[in-house]
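Next come two complexes built around chain A: one with chain B, the other with chain C.
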Partner chain A sequence: MSGLRIEEACKSFSARQILDRVTLDIADGSFAVVVGPSGCGKSTLLRTIAGLEPLDQGAIHLGARDITRLPPGQRDIAMVFQSYALYPHLTVRENMAFALRMRHEPANAIDRAVRQVAEMLDLADVIDRKPGQLSGGQRQRVAIGRAIVRKPAVFLFDEPLSNLDAGLRARVRLDFVTRHQQLRTTTLYVTHDQVEAMTMADTLIVMNQGRIEQIGTPSELYARPANLFVARFLGMPEMNLIAGTMIETRGGITNVMLPSGKTLAVPLTGAASGRGARLTLGIRPQDLIAHGNGAMRIDASVRLVERMGSRTNIHVVADGIGALVWQRQGDCAPEPGTPVQLSIDASALHLFGEDGSRLNTETLKEHA
Partner chain B sequence: MIVPQRAAETRAGWLMSAPALAAIFLFFLVPAFASLFLSLTDFDIYALADLRNLRFIGLRNYADLLHNPLFWNAFLNSARYVLFGTPLVVGMSFAAALLINHRYLRWRPVWRVILFAPYVTTLVATAVVWRYLFNTEYGLVNWMLGWVALGPIDWLGSPTASTPAILLFVAWKTFGYNMIIFLAALQLVPRELDEAARLDGAGRIGRLRHVILPAVAPAFLLVTVLTIASMFQLFAEPYVMTEGGPAQSTVTILYFMYEEGFKWWNLGSGAAVAVLLFLCICAVTLVELLLVRRNLR
Partner chain C sequence: MKPREMLVTGLAACVALFTALPLLWMVSASFMQPGEAAHAPPPLLPSSPTLANYAQLFRNYGIGTYLFNSLVISTLATLLALIFTVPAGYALAKLRFSGRVTIQWMLVVAILVPGQIGMLPLFLELKFLGLVNSYAGVLVPWLAGIFGIFLVRQYCLAIPQEMIEAARLDGASEFAILRHIILPTLAPILVTLALFVFLGCWNDFLWPLIILSDQDLYTLPVALAAFSREHAEDLEVMMAGSVITTLPVLLLFLVLQRFYLDGLLSGSVKQ
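On to the complex of A and B.
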């Protein structure tokens, strides 16, 4: 059993709080991804788990073991760094064998383990080369191989794909998922790339300013963001946010007045805010409907078009609302200045209160 | 047209490096070849007075030197400085650089300045201070040795203690410069390498041996070559502290060359010493480079 549990972890550098009472449970064998903007504390979280930074407060448990005060080498944790941190004077074979040599394992056992991992990662042909003679992708695989060969209880990955070009990154992403399905080792993966986060994670953890904003499966977080930060952070293009004012709640329906003066009926139960409370309505770009018969019609004009091939992002300016992004399937390119009529499907609306936390609790429209 | 452009670039390159090349030619190559020429003559005080007294004597200066016990004494003294002084200076410099580079060290710039300061202080002034420190009756060194019931030692008056005394002074005076070279090399070692080794279970010694030392090996080679060359060329330190004594025990090759050339005005013989010293430093450096290259393979 090697699930990872972090309890009330706090870490600060000088006066700056980097981790603020972080509590986290990562199930044995799962692939958890921590995502957040630069400086949110995600790498520090990884480093404290690895033992490279001591915690100011809190505890870290690996299975039944309390590893909070153990030195990095005794935690049974392997880490792949963003820069890969390969020993430049050692060959691929020696890099992968290093941890086993430090454990004084027998030479033939080390050789067997290294060969096995090198073959698994297609590194057998370059096993006697030094890191300087390898491509970026090969170096990255050596770094992973160095972690795998130790057979640790937990893998930590600190943005390991960020130095690769886009095409290679997509391939390696799939490779990561495949390897994890083979090994089933508990993995904590840090990235600022939401595509990596959404596609790889069993469990997605969104961090901001040293705190965990939300934990769940990627689809849960995407469909039901707990607050405005998560709503804006996940999804590309970003969720459209529209300011509104609550008029009344009756029979599970809340009437919200938009800046344009129009009202919108939103299915909402258990709203804590009263009449006059400021709200934020969120609608994903693909949930705006063209010429639809939704709850509210919006008159807008096209400002800018981003053609992505399989879909098109159309930036519009809506009357009384402001800038919105509308996403359509397929390739279409209305001319800038073209008037368009959009409508909002109320079942796809996300509603956030004055403090930014989510208000609607019912099941929302399922996203394709 | 590619060829004329390359020719123009080549010409510009030569023009830009010409001032530096001229300076090297005038201040290094000309004196070096002049020394080589002088070493083949009997250039002395009579030749200084009238160049017609200058005679070409072939390798006689070299033959005389190789039969001169004072030269061999100076050579052995210098070899002793190289043998014991180089590891002492390199070790001290590297240890100081490791301490200064420690991530938890506070007031790092202050420590850096304090440890580098001896290198930029005036040699003669500091040598006089160290003479007081080594004073047999009132010196701080003997006073401290007294705490552990040792001494007193006649540091600068005894043939056996004078070499260690001068070596200590030389090490104190020069380690700051090498420390800066090591520090620059250490700061280039990515922190992740050390961290990866910690995660791989390497202890302090393991990390030093397997991560830090290989990464700073080029700096080690540079510092060792520079230190060997400077140890072979020790002059001012024994000149100020012991004047070569007692009993010629601190006369170095350079000191011997100075005496030959400027005390006894045997400038031809002095030039021959300089050429032999040059060959000696070249030979040691080449051997060191060959050893390092073989180890790297």
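On to the complex of A and C.
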């Protein structure tokens, strides 16, 4: 078994805390994706797991083995770098064989393993070329091949697609998922691209400022973000956030006052905050509904339209709220300045407390 | 060719000729009959070319021994310098260890001190170690030149750290990384460094003169200087000796020139 467990990992460079008590459990054979903004510590997390940076504190276990203090070569972990880090003076074949040569495996076994992986990755034709003679996509596959050929317990990927153009990236993404379904090797994949994160992960880990904000399946994180950071980070366009103050809760309805003084009646009970508490309402652009009515009605006017073909992002300015993004299916193009009436799909409303963490909104659905 | 280009090419040719003329005359004079080169004005070409001067050098003056000494010392110096300088430069560029910055600063400071100032203390040190008047004594200053260390260090800085880390993850030891990953990447700079050390050691005069007292251990420049004191009038023989001293390194340089220029340029524009 080669599940990966990280306990209370801390790492700082000079005075800057890069990893702050990171605890993480990655099940054997799963594809975990760490996502977060630049500088959030995700690459450092990967490098400490690989053994390239020592942890200041904490432990790393691979299956039953404590690998915290082992040198990188003895951890049974392979890593694919953002820059691929191929050996420029060696051919594709020699690049892929390098780790096996270092383990003194017999030459014919090395040759067989390398040929097999080269065929699997469609590199057989270029096996005697050097990295400088390959395209970006081919280099990327060599880097993956170099990792696969070792049959490691864990794969680490550090933004491996960021150097590819958009079309190739989409293809390689699918390729990764297919490959993982074949190999079933525990994988930790770091990216700042939320499309990669959402589409590839079976466990998604959102990091910010050296801490883990939330762990779960991509749909869990999208549907129930634990805090404002996760809510804002996942989803394109970003979730609309509306600041408000709680006035009163009565009969399963909470009245929230918006900065403009307007009141919004939110079907919420059991919120942990009392009267006067500052709240943030979150609503995803596609959860705004046209032709709104009732207490959750918002009057707005169109400011800008982004037509994407299959859907349209309409930027509006809402009375008493400010800028919102409203996403509609299909292609439509309301003129800027057109007044629109929107309302909020109450079942899709997210509510965050003063500290930014999610409030209990289980009851929302019942009232919707 | 445009007039401007012609002018520049003409000027360059003049300067080249001006520089090459003494060297060419040295070769020419080494084939002249005894006393011929001392005529005024000296002739440009030998009237009846002879190899007698070379024969005399090898037969009477034993220049074969000095040629052998120079070859052995310069080759050893080159090999030893590479063995010590390359790991040092690589370590300073790529490995993290305590005292690294201090060592770098000490080297920078040391490079500012003219070599001649260190010669007396070094001599006393080697005398204490019993290395005076030996090959080993001549070799010591070449073991780890600061210039070489910095040359390797600068070049290593351009090697991506991730490549070394990838090798570590592939299970390579630090020595295996140096041997299989770093050295092949450094090839052009190694040729440059080897040339620098070989030429420097081959042409070095002052240090072998100080450290060697036994004539059998003399290197070519020291031996040649000794001859010229004793046989100043045998101009043709001296010129033959100069040719033997100059020619091997000139040939070596010409053969390795391509790699040498590669090495000097590639540090700055490495892809």
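What we mean here is this: the second predicted complex is superposed on the first by the 345 of 368 C-alpha atoms of A that agree within 3 Å, B and C clash if a C-alpha of one lies under 4 Å from a C-alpha of the other, contacts with A are read in each partner's own complex, and residues count from 1 in each chain.
One rule holds in what follows: a contact is a pair of C-beta atoms (placed from the backbone, for glycine too) under 8 Å apart; a residue touches a chain by one contact, two chains touch by 3 or more.
Remember, it's a predicted structure, so these values are computed and weren't measured experimentally.
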item: Clash-or-fit label for the pair chain B, chain C on chain A; value: clash
item: First (chain B), second (chain C), both or neither touched by A:23; value: neither
item: Which of chain B and chain C A:135 touches, first, second, both or neither; value: neither
item: First, second, both or neither for A:357, with chain B first and chain C second; value: neither
item: Touched partner set for A:329, first chain B, second chain C, both or neither; value: neither
item: Partner chain(s) touched by A:217 [first = chain B, second = chain C, both, neither]; value: neither
item: Chain B versus chain C as contact partner of A:98, first or second or both or neither; value: both
item: Overlapping contact positions on chain A, where the chain C interface meets the chain B interface; value: 50-52, 71-74, 77-79, 81, 83, 85-89, 98-99, 102-103, 146, 150
item: Chain C-touching residues of chain A, taken from the complex the two chains share; value: 50-52, 71-75, 77-79, 81-83, 85-89, 98-99, 102-103, 146, 150
item: Residues of chain C touching chain A in the complex; value: 160, 162-163, 165-173, 176, 180-181, 184-185
item: Residues of chain B defined as touching chain A within the complex; value: 190, 192-193, 195-203, 206, 210-211, 214-215, 217
item: Chain B contact footprint on chain A (complex, rising order); value: 50-52, 71-74, 77-79, 81, 83, 85-89, 98-99, 102-103, 146, 150
